[in-house]
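Written below as structure tokens is the structure these notes are about.
Think of it as A, B and C in the order they're written, each chain with its own count starting at 1.
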Amino acid sequence: MSDSKLLELQEVDKSFGGLRVIAELDLVVREHEIVSVIGPNGAGKTTLFNLITGIYRPDSGEIRFQDRNIVGLAPHKITELGIARTFQTLRLFLNMTVKENVMAAEYGHTKVGVVRSMLRTPGARREEKEIHRVAEEKLSFFGDRLMGYRWDQPAYSLSYANRRRLEIARAMATQARILLLDEPAAGMNPRETHEITELIGTLRDVGGYTILVIEHDMHVVEGISDRVVALDHGVKIAEGSFEAVATDPRVVEAYLGLRTAETK
Amino acid sequence: MAAGGGSGVPPDRSGPADAPDSPRIGVDEWVASVEGKRERYTGLRGRLTREWDHLPPPARVLVFAIPAAIFPLVTTEGNLFRYGLFTLIYALLALGLNIVVGFAGLLDLGYIAFFGCGAYLYAILASPQFGYHWQAEAAIPVIVLGTAIVGLLVGLPSRRLFGDYLAILTLFFGQAFVIFVNNANRISFPFVGHTDLTGGSNGIANIDPFNFFGYKITTTRQQYYFLLIGVSVFLVLLMFVNDSRTGRAWRALREDPLAAEVMSIPVNRLKLLAFVCGAAAAGFTGAIYGTIATAALPGDYDVGLLITIYAIMILGGFGSIMGIVVGAIIVSSVPELLRSSANARPLFYGAILLALLVKIRPWRLLAAELGGLVAFGFVVHAIAEAAYPRLVDGKALGSGTVAHALDHWMLLPQHPVKIADFAYISLIAAVVVYPQLSRLWRALLLAPLLYLVMFVWENLLLVQIGGATRLVLLGALLVALMNVRPQGLFGTATVEIV
Amino acid sequence: MNWSLFFDLTVSGLTLGSLYALIALGYSMVYGILKLLNFAHGDVYMIGAFVGWYTLHALGGPLNPTISGAAVLFVMFIVSMLGCGVLGVAIERFAYRPLRNAPRIAPLISALGVSIFLQNSALLIFGASFRDYDTFDLIGVKTFSVGQLFFSVTQLLTVVVAVLLMVALTIFVARSRLGKAMRSTSFDREAASMMGIDVDRVIAVTFFIGSALAGAAGVMFGLVFGQIYHYMGFIAGLKGFTAAVLGGIGSIPGAMVGGLIVGLAESYATGYLPQGSTFQNLYVFALLIAVILIRPSGLFGTAAIQKV
């Protein structure tokens, strides 16, 4: 496993009005790692993703991707550099077909412009074929669920689990190097959760992605993580292996509250 | 792959068969297969829809282009001008606006100003105003480019705006254009000094016809075919773009701009691109219109035309390209048809009858209502004849059997003005109150209500069948259409994240 | 520095501003509750002006009033406000309520349809010619003066009535139960309905008040400028909207302040800027563009924080 730092946050700070949502956060994700971010609701996890992807701008601190400072870049530029994400509340292009959702995300790495598209030049047609091929390739990661007749179905007709899968496929299509998955197993039944756990592993092993995951389901976290980071009120309160973090007293307190008496 | 090994998913098969044979909970395939069945029509409609979907874009255009090409051969020059040319101009405008509104989802209420830009630019380049007489092959690219630049300038501040704010900004731009063009004969420009740029409220007259390398397009028929080619080519180009990288990016931007941005789509740049493309299309159309109207007048490029084009897009359904063509045909022909009372009356009554047929289900109820209406009319007429003769001393507009019948059935005062106004207001109030009534009352009062409608029609709307009436009907139609079918006639119902 | 010109412009600016503030209030309140731009609002204002005219003539006309001059004015205002209020409620009921869950563009189109309908109905019924209010004999053409500040009775009346109405509205929204219901509904409609607030009724009341204020503004326009016509609502509506955006759309104090600013700006533009009277509308538009670009949330509005 490579040791190079793919994504690094240094002393990142973010406040909304008087509320400090992220406080002096340091975070490192190395290439091909799977890092999980956990913490109670409101800990700032999704804000973290928004900061990395450029939707919010940190008040101070640095965010470096492949050793390049990405603070202040437009979100689409950041995605082009290789960071892609999914959303906690799904944000698919509901009225576009399954395949179109994935193809749309390939925009950053394709270049045929409006005029050539209108005229259907040979170059444009070649690129279209390539776009289709890449989309099919990404969708095939999920077995047969998003293949075949499904390609031309509108996204709103998909079941919930399939929608989550589609969002991941769409993120993959941006040719990202790191995937930010925001609660990928939310709302899934045990069998689907198990599949997602295996999928995330496959994404790293077969797809070569580095993955940063926000999750609440500890089974998933346990099953996938190389490293776990725990946040509470925007502060990193623990970091390490799953066992170490899960039993860390500060983490337990953040989730369950202070123990008033020893029960053991 | 995770799908294998012990998770209980049936073996891979192509087609919908990856759903298990019997429904089971906990397996998302079943839910998906039920939800995922495409909306399928049966019978004739289904066959037509499926055939249509299989046609490649150029073929679809032919379906429209071939009958359109035959049209000039079977009609008079006057009709060709009124119906043919204007339909095509409206279609071009609506298709261009569709890029901005239908593809990219930006509400542009100043679009007509770009149309005006094109017309005025051509007028400046090819008329006695400044003495230039450019040939078309040189003028048109310049105009398209020029209007695109204007579109860029308008679009630049709008990049960060969405929805309502963008609408208002563009609306103001449209107004600013009209004001500018109305007064540009009185401004002193910084370097050029005092020039009459646009002829003020008189506009620029005597615009040259198109001159392509010496071939002049002067007759209506020539103009028609030129426009037809233009529209057909534009349709094909649009269909190609829709299915391309840029088209997908526009649609993604329309669906969810934030998600699109994060999926590597440069949203602001694409909005600008949509604006510019739409503006360029409008500029081109404006140049053509300049040659048809042979004059560029400020009044042509105001809100009235904007509403007409939007009506086309609404009727046809946003984003549906062929729907827009149909919408253009409807919107340009119906008002023309309504100009004469001989046409207007059957159209209006026909529409009401149609609405009744659709809404009132049991045949007997419908027959009873219509019978009641006829009876009610005779009763009221008889009472009026006896007690208030001034209510029936006029005549119905037009001649023919219907008009004669109405003379004996409908209240037609000689000087209807005041009472017709009063009736109009009462009608609006009645229409507002009517749906609140119980079923019984609604059934009982439908006949008098219809009589009131016809009274207002005969005495007010038909008599003054000018722009006002048509617009009143258009306004009512828009509200009704939005209530019944918000996606337009040919649009597909969209799912929205609220 | 020509003080008398300045004072004249200021007075007419305040008068205009009061009108725009009243119109802007309707826009702001409706947008605050429904997130909808009521394009038809300007036309309600126009209807108010005409209703006032008809009331005036129903009471005998400006030359032969059946009751005293002040009473005539009072009745004109009341009838116009009531009539427009009812019209506003009807519009909401028919053109907007069925579309609460439709795609966002549908209510906008519907609003456009209502606007077209009202404008052209007015054309049909009232005709295309301008109507005169001719209330000079009724009120008297007196001008007051305070030093170099001159103003006429109608201008004074307009400003005073507008201020009274706005004060009444502010008290109503701040103190009364219905006012509190309005405020909470504009925050979060779903939560408000779950707290037992009859959202439909609150929305209807909002439209009633907004339209009534527009009706009053219409009568004022007739009194101050003397002539009314069927498309007067369009431009006035746009300027009222500018005022609402300037003040922060959704904010009631914002609409009031915004209206005054727009009125004053327009007035000063006619006096001081080159070719001001021809292009006065353009200058107002430029103001709006500047506001939208520099501070889209307006003076009193809060920038919406989007939860991703």
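Details
Going forward, a contact is a pair of C-beta atoms (placed from the backbone, for glycine too) under 8 Å apart; a residue touches a chain by one contact, two chains touch by 3 or more.
What you see is a predicted model; the values in this text were computed from it and never measured.
Here the chain at the heart of the structure, going by C-alpha means, is B. Among the remaining chains, the Cα-based centre furthest from that of chain A is the centre of C.
Per-chain Cα centroids separate chain A from chain B by 43 Å. In whole angstrom, the spacing between the mean C-alpha positions of chain A and chain C is 49.
For the pair chain B and chain C, the distance between mean C-alpha positions equals 30 Å. Residues of chain C found to touch two or more other chains are 308. Within chain A, contacts with two or more other chains are made by residues 55, 87. Counting partners per residue, chain B has 258, 494, 496 as the residues that reach two or more other chains. Contacts from chain B toward chain A in the complex involve residues 1-3, 7-9, 12, 14-16, 18, 26, 28-29, 31-32, 35-36, 38, 237, 240-241, 244-249, 251-252, 255-256, 258-267, 273, 277, 492, 494-497.
Put simply, chain C touches chain B in their complex at residues 31, 37, 90, 93-95, 98-99, 101-110, 112-121, 123-125, 234, 238, 241, 245, 275, 278-279, 281-282, 285, 288-289, 292-293, 296, 306, 308. On chain A, the positions that touch chain B within their shared complex are 53, 55, 74-77, 79-80, 84-85, 87, 91-96, 100-101, 103-110, 112-114, 117-120, 124, 127-128, 131, 141-145, 148-150, 153-154, 156-162, 170-171, 174, 189, 191-192, 194-195, 198-199, 202. Looking at the complex, you find that chain B touches chain C at residues 107, 157, 161, 163-165, 167-169, 171-172, 175-176, 179-180, 183, 186-187, 258, 303, 307, 310, 314, 318, 421, 424-425, 428, 432, 460-461, 464, 467-469, 471-472, 474-479, 482-483, 486-487, 494, 496, 498.
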